[in-house]
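Each chain carries a letter (A, B, C, D and E) given by its place in the written order, and its residues are counted from 1.
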Amino acid sequence: MLYVDNLSLFYDLHLALDNISIEIKEGETVVILGANGAGKSSLLKAISGVEPISGNASLIFEERRLNDIPTNERVGLGLSLVPEGRGLFPDLSVEENLRLGANPKRARQFEARNREFVFDLFPKLASRSKQLVGTMSGGEQQMVAVGRAIMSAPRLLMLDEPSLGLAPIVVLELFAALSEVRAAGVSMLIVEQNVKESLAISDRGYLMETGHIVEQGMAEELRNNTLIQKTYLGST
Amino acid sequence: LASEKSVKIGYAVSKTGQNSAGAGITTAPNYVLWVEDINAAGGLQLPDGSRLPIEIIEYDDRSSSEEVVRAIERLATQDKVDFILPPWGTGFNLAIAPLMDRFGYPQLAVTAVTDKAPEFAERWKKSFWVLGGGGDYSESLADVLAEANKSGKINNKIAVISVADGFGIDLIKSARPAFKKHGFDVVYDKTYPLGTSDFNAMIAEAKASGADSFVAFSYPPGTFALTKQSQIASFNPKVLYLGVGVGFPVYPKIAEGKMEGVMSLGGVDVNSAAFTDYAKRHMEVTGNPPDYWASSVTYASLQMLQQAIERVGLNRDAVSKELSSGEFDTILGKVKLEDNQLRKLWWTGQWKNGNFVAVAPATREGAVSPVIPKPAWQE
Amino acid sequence: MITGAKVSVAIIAFGLLALLPFFLEAYGLGLMIGMLSYVALATAWSMFSGPTHYISLATVAFYGVGAYTVAVLNEGISFPVILLIAVLIGLVLSLAVGVATLRLAGVYFVIFSFGLAELVRQLITWYEVNVTGTLGRYIFLPLEPQDIYWLLLGAATLTLIIGWLVRRSRIGLALRVIGDDEVIAAHIGINLTRTKLLLFALSASLITLVGAIQAPRWVYIEPSIVFNPTVSFLTVIMALLGGPHRLFGPLFGVVPLFLLFEWLSANFPNHYSIILGALFIAIVFVLPNGVLEFLDRFRLRRAKT
Amino acid sequence: MTSFLELENVAKKFGGLTAVRDVSFTLSKGEIVGLLGPNGSGKTTLLNMISGANKVTSGKISLNGVSIDSLRPDQIVNKGVSRTFQLVRILPSMTVEENVICGLAFRKMPVWGAKAAIIAREKLEIVGLKDKASLPGHSLNYIDSKRLELARALAADPELLLLDEWLSGLTPEELEAGIELIRSIETTGISILIVEHIMSAIRALCPRCVVMNSGEIIADGSTGTVLQDDAVSAAYLGGAPCCMLTISLCSMTYILL
Amino acid sequence: MTSLMIGLVLGGTYALAALGLTMQYGVARIMNLAYGEFVISAAFATFVLFSSINLNPLLAMFIVAPAAFSISYFVYAILMAPLVKRSKKKGNLENDSILITFGLLFLVQGILLVLFGADFASYNYLNIPVNVFGITIAANRLIAFGLAMILGLSLYCLVAYSQWGITLRAVATKPENARLVGINVDRVAQIAFAIGGMLAALAGVVISMFQTFTATSGVVFTMKALIVVIMGGVGNFMGALISGLILGLAEATVSTYVDPGLTLASTYLIFLVLLLWRPQGLFGKGVVK
């Protein structure tokens, strides 16, 4: 479904991604692990088109070359991102933010169904639908961000640390919900520090270090990988 | 001097900014026309009978005092022009007066209406004030109104509004005692800020005041708005006197041809062949007719300069002396300055049969007697 | 940062400028007067608006008040005293205004400051018309252009020195923090109101001083002349173009723009607007970061090759 | 230990919404306390009121016995309270070092000039940002921004430090380092009020914690007891208190201790 | 009563003149200092159509408005789009747009000066009295009032409730995030700017029916419009409508009951007091922190 090959990304002179290649198959959920500053967010940004990438990369989504397609059209193709910092519209209400999620043409037909799903997932959003997002608590905003991405009926949902700032109980619910999303056949690319949870709902994973992929494998393998166990699962 | 090939004449007027409309109607076209007229005749004539063409240096003062001052400095010391024509506006003429004096240029201040003209002429010996002072216009108006009141055509109540800038204040300040002297009762007397575009409230008040005469010492945008809004409000006082703009060529269009009877400052003697000829050439050369107030005076002041040069040459001191003492033959007739001021002017005019004719001073030849009460707004 | 060489260059430059009136004729002097006044205005403006990003269009309010003070007081009091009084009036006015205004952010502040300038103008007009009954006022002071030039040179130098001091001081840093993020500013111990007010008043007082110094040049003063909003706009534009974040940025905006205006109005009096507009647009595209930054970059590139 | 920070019946309303109601608790000098609660329970709002970013609707907040609830944020900073923000705030146009210098320059006893640069480097070293001192603020990634925020807060020389989810988004390894860092700060005698959703961190750092729900305090006591509390589990932790997440993190905490 | 009527009608004009700017500044984030020049250009265009081929200004609207739309569309493409692109990194679109539209102001004004000179332009259309509740008002002013109401209310509803309106507001407040929900930010901004230009032109057409204008009178409209926009809250059409009416009413009331000399002062005073009371404008939404 998504092939990324030869992807490099520079911030001015700083090389944040160095020749990255990854692949996500139809219906697959893939997790990206890595320390802070490894380039995980940069990778998601590059795929979604928020940051420009070097010329020789190839980015292919469902047989379509993405390189020259702007971000907004990638969303239209079914590629949604919940970015670092959430990317919400603070001056708009919860309801309006969700409606904007369903802005792409292909998402409109599923709007009602997806909204129901989002409200099931985060009941709080239903009761706060008129509140301006900017006045919500950090965790509440995170719910809106995930909800909005779901509203866009993605084919590939990319989540950058979706559990950030959520209360433990909500984190559990979130992962339960994501596994439902997965069950619905949506492919996912997740960046998470909640390694155990995210591996539990993933098929495969990559491990990044300073702009490189250093390890990859099936979720099971990664879980048993000693390096990962040591640094990301906190067990010996 | 003999070696010169042309006479350099410079001026700065507002081509842009808030003053550009006024300058573009009254001042700049007359400069163009005058130069055209003279150069067509082979140039400025000098005492020896030779002619030198005029070379013009013009600047845009961008409606800023600082700019106009600098432009004059530039004309005087950089371009070293032979003569400098004045800018548009009372404030700007005053701003440059000390400079003109210092550099020794005669200043024929036209579009400057100030009651302090005698004082200024005294202070700056080479300055000439040729459009009168506010008092001249308002006293003349008071006379006209008094006459009508005496013959029972209007009651003794007046409603008056004035624009809050130097011009409007000058007029209203002298108008108040003048009206009072003639026994008038000023029942509505308000000042409005420059830039006001809606006069409906003031018109309504004036209408309710019971005054037969409505006087507005206004500027063109206000004059136009007052005209249109009075028509709509069917406000048709027996005397309707509006300020600058009534004499502008566009005025009939603005009034939709219903300007009959509207009074204002200035006016012309339409029977004077000199004026009609001038108006025709103005139209030909600049594409627009002259306005009925300051245009012809502007042109006349240029004629005075021209004739002074013809008599005494390019020496600026001599020209200044000649301007203050000589008599000149202009489109306004034969004129002579008194204490550096032109007094032979038309103070009050009125639209009559499609012309803005002069009605006061009534004693002067060419004056027409005013139509009071003003006919209704219909054509 | 500050070297002896730089100081001596500055002193020599100042000395040369001070001698200029002996070599220039009236027009050249007039040009310098106009330029210096905008240098002082734009530098004073940038002192507050540069770091805080509060774009003030109230320049002409203070400038006009300065000029008007001179017009009102010019008989009987000596000029230096008048200048002092003008500055004091500017100070009081700006403090009063600042208390109210500085709560506003962004464009709300921009337009508020514009409205303020107009309000001052309207109130003065109304007062003159209804209370004193004299709208236009005359200034007959025995001041020659070179006197005005020297005073303006002094004012511009003073402004630059103050600007330099502010920049080096904690309050300068505080302003930059405020410009970046007022929430952080408050939470690291900056008294927002006091800091902004102080600098706003300082900047406004200097602007008032410039207006007062320049007034005698015009002889006749009325509100529509001295409260001409163009002054505010030009100040902003020149400062922005030069680079309001740097001490000499405004200077580098004023000089070329001023000369450009002059050159255009002299050579193309009838097409001034069109050419100016087109050039202006071109400048914005060519110099995205202001003149000073452009020069810097140019120098860097030269140094590299 | 004497009471240092004291909140009495503090409440905050936003229009119709009561974000915090009737909150009272005290914090002793040198104490480190965790503040927990579901999303939207009013934790950040409470910090905002202590730091002066929000005015209290009613109630009293005092520090060292002096009332601070009517003071401006800058006055409160000068009373010795520093904070970080849940949504990181750094000065984007300044360098990392300048960001810290700003923390030094406006505190109660300001430091300025060359000395400030030295202290700034020290603070940056503490949070591990020394190498990035000359980078512009806007180029830092999320975690480094957080570190910088902490360095800036420390620069103000606080007696009380308010941390709003400062440890969120870290890998376990980094979390460990972060916890270590906070502990080292605590040992210098600074009191810390720490808002966090990461239980392992709370357990590791805070002997005592306060739990909020819907703007009210529902539990206050020793961390172990509070986290066993049924109400807390139901509202916050979700079902059984020892879910998978908590287990794994508990064990890590165990190692740390 | 009379002054109420006069004030409302006057206020309608102010509101009408401000609608386009609130679109351009509120959505496309272009602080358009040349806004008034757009208004005046449309006024001149109407004037020319009226005096050359005697075209009814109400019909001229259907020529002038689409023309203004396409011109603004291209102006955006040529002048603004590069700035927007450039400012993505540095975020100084406001400064840049002030500078560039300042240039544009001179350019347009210069062209108008060359084409039409400095003279006052005026024509008369529907300058006929209409009786409303016993008060006579010019028909052309009523049209201005009506148009302001219709446009203002419908734009308000559109922006507040339609999907398109939400899109507009998304672009207005967080353009950098809008693309994440599939919005083509540049295009939306461009269309918003063009619509703003069209609204400016509509105002110009209507105003030209009752007000004399010159090539240089654009600035006045820009400033009035800015004040109305700011007072109402940037990007809020209802705000623009209501603050326009408030200003009109204030002007008429002060003129009648206090002193015409204080009308403009009162306008500014109301504006200033209102802003101090509500720093984000009447209807501006503000999110703190």
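Following the convention adopted for this analysis, a contact is a pair of C-beta atoms (placed from the backbone, for glycine too) under 8 Å apart; a residue touches a chain by one contact, two chains touch by 3 or more.
For clarity, every value in this text was computed on a predicted model and none was experimentally measured.
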Legend entry - Intersection of contact partners for subunit B and subunit C: E
Legend entry - Taking each chain's C-alpha mean as its centre, the one farthest from subunit E: D
Inset, instruction - Taking CA centroids for every chain, report which one is farthest away from subunit A. - result: B
Inset, instruction - Can you check how far apart subunit A and subunit B are, centre to centre, with Cα atoms defining each centre and the answer in Å? - result: 76
Inset, instruction - Averaging only over C-alpha atoms, locate the centres of subunit C and subunit E and give their separation in whole Å. - result: 30
Inset, instruction - Can you check how far apart subunit B and subunit E are, centre to centre, with Cα atoms defining each centre and the answer in Å? - result: 36
Inset, instruction - Would you kindly tell me how far, in whole Å, the mean C-alpha position of subunit D lies from that of subunit C? - result: 45
Legend entry - Junction residues of subunit A, two or more chains touched: 135
Legend entry - Multi-partner residues of subunit D (at least 2 other chains): 53
Inset, instruction - Would you mind listing the residues of subunit C that make contact with two or more other chains? - result: 122, 125-126, 129-130, 183, 270, 272-273
Inset, instruction - Please name which positions on subunit C make contact with subunit E in the complex. - result: 55, 100, 103-108, 111-112, 114-116, 118-119, 122-123, 125-126, 129-130, 183, 229, 233, 236-237, 240-241, 270-281, 283-285, 288
Inset, instruction - Could you please specify the touching residues of subunit D with respect to subunit A in the complex? - result: 14, 37-41, 43-44, 86-87, 139, 141-144, 165, 168-176, 197, 199, 235-239, 243-246, 248-249, 251-252, 255
Legend entry - List of subunit B residues in touch with subunit C within their complex: 15-18, 58-67, 69-71, 73-74, 76-78, 90-91, 94-95, 97-99, 103, 116, 164-166, 168-170, 173, 191, 193-194
Inset, instruction - Can you check the complex and tell me which residues of subunit D touch subunit C? - result: 51-53, 72-75, 77-78, 82-83, 85, 89-94, 101-103, 105-108, 110, 112, 152, 156
Legend entry - Residue ranges of subunit E touching subunit A (in the complex, touch as defined): 163, 166-167, 169-170, 173-174, 176-185, 285, 287-288
